[in-house]
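Quick heads-up: structures coming right below.
In what comes next, subunit A is part of two complexes: it sits with subunit B in the first one and with subunit C in the second one.
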Partner chain A sequence: MSYDIIIVGGGIQGVATAYELAKRKAGKILLLEKTFLSAGSTGSCAAGIRAQFGSEFNVSLMARSLQIFEHLAEELDVTNDFLELWQGGYLVLAYSQAEFDGLKERVKVQHRFGIATEVLSPEEVAYRFPRVNIEGIYGATYHKRDGHADPLHTTFAYGEAARRLGVEIRQWSPVTRILVEDDAIQGVELADGTKEYAPTVLLSAGAWSTALARTAGVDLPIWGEKHEILITEPWERVLDPMVISFSRGFYIQQRPHGSFIMGLPPVNPVKWYDPEEFDFGPNSDFLSRMSNEATHVLPFLAQVNVVRQWAGLYEMTPDHHHIIGPVDEVRGLWVAAGGSGHGFMFGPVMAEQLSKWMIGEPMDIDLTPLAFRRFKEGKLVVEPAVVG
Partner chain B sequence: MVMDPKKVIICRCEDVTLEEVREAIKNGYTSWDEIKRLLRVGMGPCGGKTCKMLVLRELAAFHKKPIEKLPIRPTAVRPPLRSTPFRAFLKEEEL
Partner chain C sequence: MRRITEHPILEFPERKVITFYFEGKPLTAYEGDTVASALISNGIQAFRESIELHRPRGMFCAIGNCSSCLMVVNGVPNVRTCVTPVEEGMTVERQLNRGVMP
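Presenting the complex of A and B:
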């Protein structure tokens, strides 16, 4: 069988791009997923969405992504209840004067793109968010349109909409090899030995992309980094914003369903390039570190019960930005991976802009600085506001 | 007596009915992993002890395959197995 485009990987990136391509009538599309949609990092993530970044590039992208999220239910013919879209804002806490000054610089950039972030003194934080312990806080920034969504339902909604537009989604179908001849894409080979052909292959397999790209002779600098996260029993709504600190690394949110979800970056991050190395087992110190941070900043949490913890992978790149766009070395090979801990929130805008790029339409936000060639050319992209 | 699938609760923790499960299967969610993530069956405190088998039986009927032949991802053990309050994990110096 032959297709116009084969997409490898059914996380937010692959599925949203399949939808956007189909919407632009890009041809016959096949999406291949190793297990089921959302099974990778997307399904293990906290799904926070924020426009509070520091570089013009990221702020402009996230300003657009927020707009997409705000209209996504309509676009995909579901409801906001189904997407569990919650816009209770992000409250970013500063634990030193230098950190606070840095946040304020970023707010200037955000304002230029219409992101109405507020700068709050510790007293204002205490007044507006009485659950937050302001001990050690120098100030905070708050943007009320930030929030979170359910990553599983968001991916499923994109998947259903893509299918309605004719995309073939095949689950439980691991790709083992990308087929290349004379430096041009032929298609892919599956674990059962079958082959599917297309002149264009989009690799969106998250942290698994590196191993797959190697089968095409391409060495992507994307590695998996284990991040742990936990969920509590549900409570009535007591916390509207996602509460985060870049310097301490924690993020804590309450889902519409009532549970609290929270995480912390690893103490000694390890770089995994090969899926054989991926390890999702619990680290013994995570629960105690998380408990200390969580009950310090939100003391009422001491009484809340933890139900479950798990781990997932941040798909990291050397400059913490996606690798997105064509790979010069192999004609017809495209990559969209490496969200570096924020690939969920960027998913919709990356999918929208990438689909335009792939069909040769002008992009509204130029993604070309994120192409793989930036590493050869030594043009890394810098972002000051990241967790972990 | 035939039971009304709207009234048959498959998952007590999250209040999911047999009808919702059948509807999901009809809409293309044809594995335990997907149905769990779509409907939250098995995501409550019991971790799927009763509902999982019931959903697998529905899937087996749909695929006309024995349960052992259905696609499924091996499940990880995700501690803590019983709900535990945060204060139980605090390091000593914080108590």
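Presenting the complex of A and C:
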């Protein structure tokens, strides 16, 4: 069979882009997913969405992404309950004066893009969020439109909407090879030996993208980094914001369901380029480190039982930004991967802008600085506000 | 009391009788009972309501795993009554929600 566009990978990035492309009548689209939609990093993520970034670029992108999330239920014909959209804000804690000063600098950028982040003294934190232990805190920033959306349900909703627009989504269909001839994309080969043809292939296979790109002779600097996370039993709402610290690495929030979801970065991160190396096994070390951090900053959590812990991959790049756009070396090959620990929240805006780029419409936010060629040209993109 | 008193293998030695309170009502139990076994021996099966549809829930896994028997014990919600020993004077309430943090 032949298509106009083949998308490889059914995480938030691939599925949302399929929808945005179909909405713009980009032609006949096939999405191939190795297992099931959101089975990769998307399904293992912490569901956090925030506009509290530091660079103009990221703040402008996330300002738009929040807007999309706020209207996504309507757009995709589901409900906010289904998307588990919860805007209880992100409370970013500073554990040194230098860190607090840095956060305040970022707030100036955020204000320029209409993100109404507030700067709070420790006393204000204690007053507004009495459950938060302010010991060791120099201050905090809080943006009330940040929060939570369920990554699985968001992906499923995009998927259903894409199907309604005629996108063919095939699950349990691993791609083994990207087919290239004379430096131009031909299509892809699947594990069962069948081939699907298209002049355009979008590679959105998260941390698996690197191995797939190699089959097209392209060496992407994306690696998987194992991050662990846990979830507790549900309680009635007691904590509105996501509570995070960039310096200590923790993030903790209560989901609309009532459970608490929380994570911490790995102590000695290892770079995995080859899916053969990926390891999703749980560690008791994470459980004890996480419990210590969590019960220190939110002491009431000592009464809350953990239900489950798991691990997923941050799909990292050297400058912690996506690689998005065409790959110059192979005509027709596009990449959208490498969300570096925040690929879920960027998914909607990246999909929207990328779809415009792919069909040759002008973008509202120029994504070209994120193209793969930035590594050849030595033009890395810098962002100060990353967790882990 | 609903209890097995004779068993082909197990023996049930005499135990101290204690008093605890279910929804304000005094009930008796034996020392060494779990809250759940004490309630069941008093004919009480519905321990909590399910969090979405508010249907009755009671003893299910009996090993502290499933969340079916969570109750408010001494004012603290989400207590696994199937693995929590009952104590003299303990107050036990049905849990009607996810648990309100004290």
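Everything that follows uses one rule, which is that the second predicted complex is superposed on the first by the 388 of 388 C-alpha atoms of A that agree within 3 Å, B and C clash if a C-alpha of one lies under 4 Å from a C-alpha of the other, contacts with A are read in each partner's own complex, and residues count from 1 in each chain.
Rule of thumb we're sticking to: contacts are C-beta pairs under 8 Å (C-beta built on N, C-alpha and C of every residue); 3 or more make two chains touch, one makes a residue touch a chain.
All of these numbers come straight from a predicted model, not from anything done at the bench.
In the superposed model, A:282 makes contact with subunit B only, not with subunit C. Look at A:235: by the touch rule set out above, it reaches subunit C but stays clear of subunit B. Of the two partner chains, subunit B is the only one touched by A:172; subunit C is not. With both structures placed on the common chain, the touch criterion links A:305 to subunit B and to subunit C. Taking subunit A as the reference, the larger set of touched residues comes from B, when subunit B and subunit C are compared.
Look at A:258: by the touch rule set out above, it reaches subunit C but stays clear of subunit B. In the three-chain superposition model, subunit A touches both subunit B and subunit C at residues 233, 303-305.
Per the touch definition, subunit A reaches subunit B in the complex via residues 35-39, 43, 152-153, 156, 160, 163, 171-172, 232-233, 280-282, 287-288, 290-292, 294-296, 301-310. Against subunit A, in their complex, subunit B makes its touches with residues 27-29, 31, 33-34, 37-38, 45, 47, 71, 73, 76, 78-80, 83-87, 89-91, 94. Across the complex, subunit C is touched by residues 233-236, 238, 258, 300, 303-305 of subunit A.
Within the complex, the subunit C residues that touch subunit A are 51, 67, 70, 76-78, 97-102.
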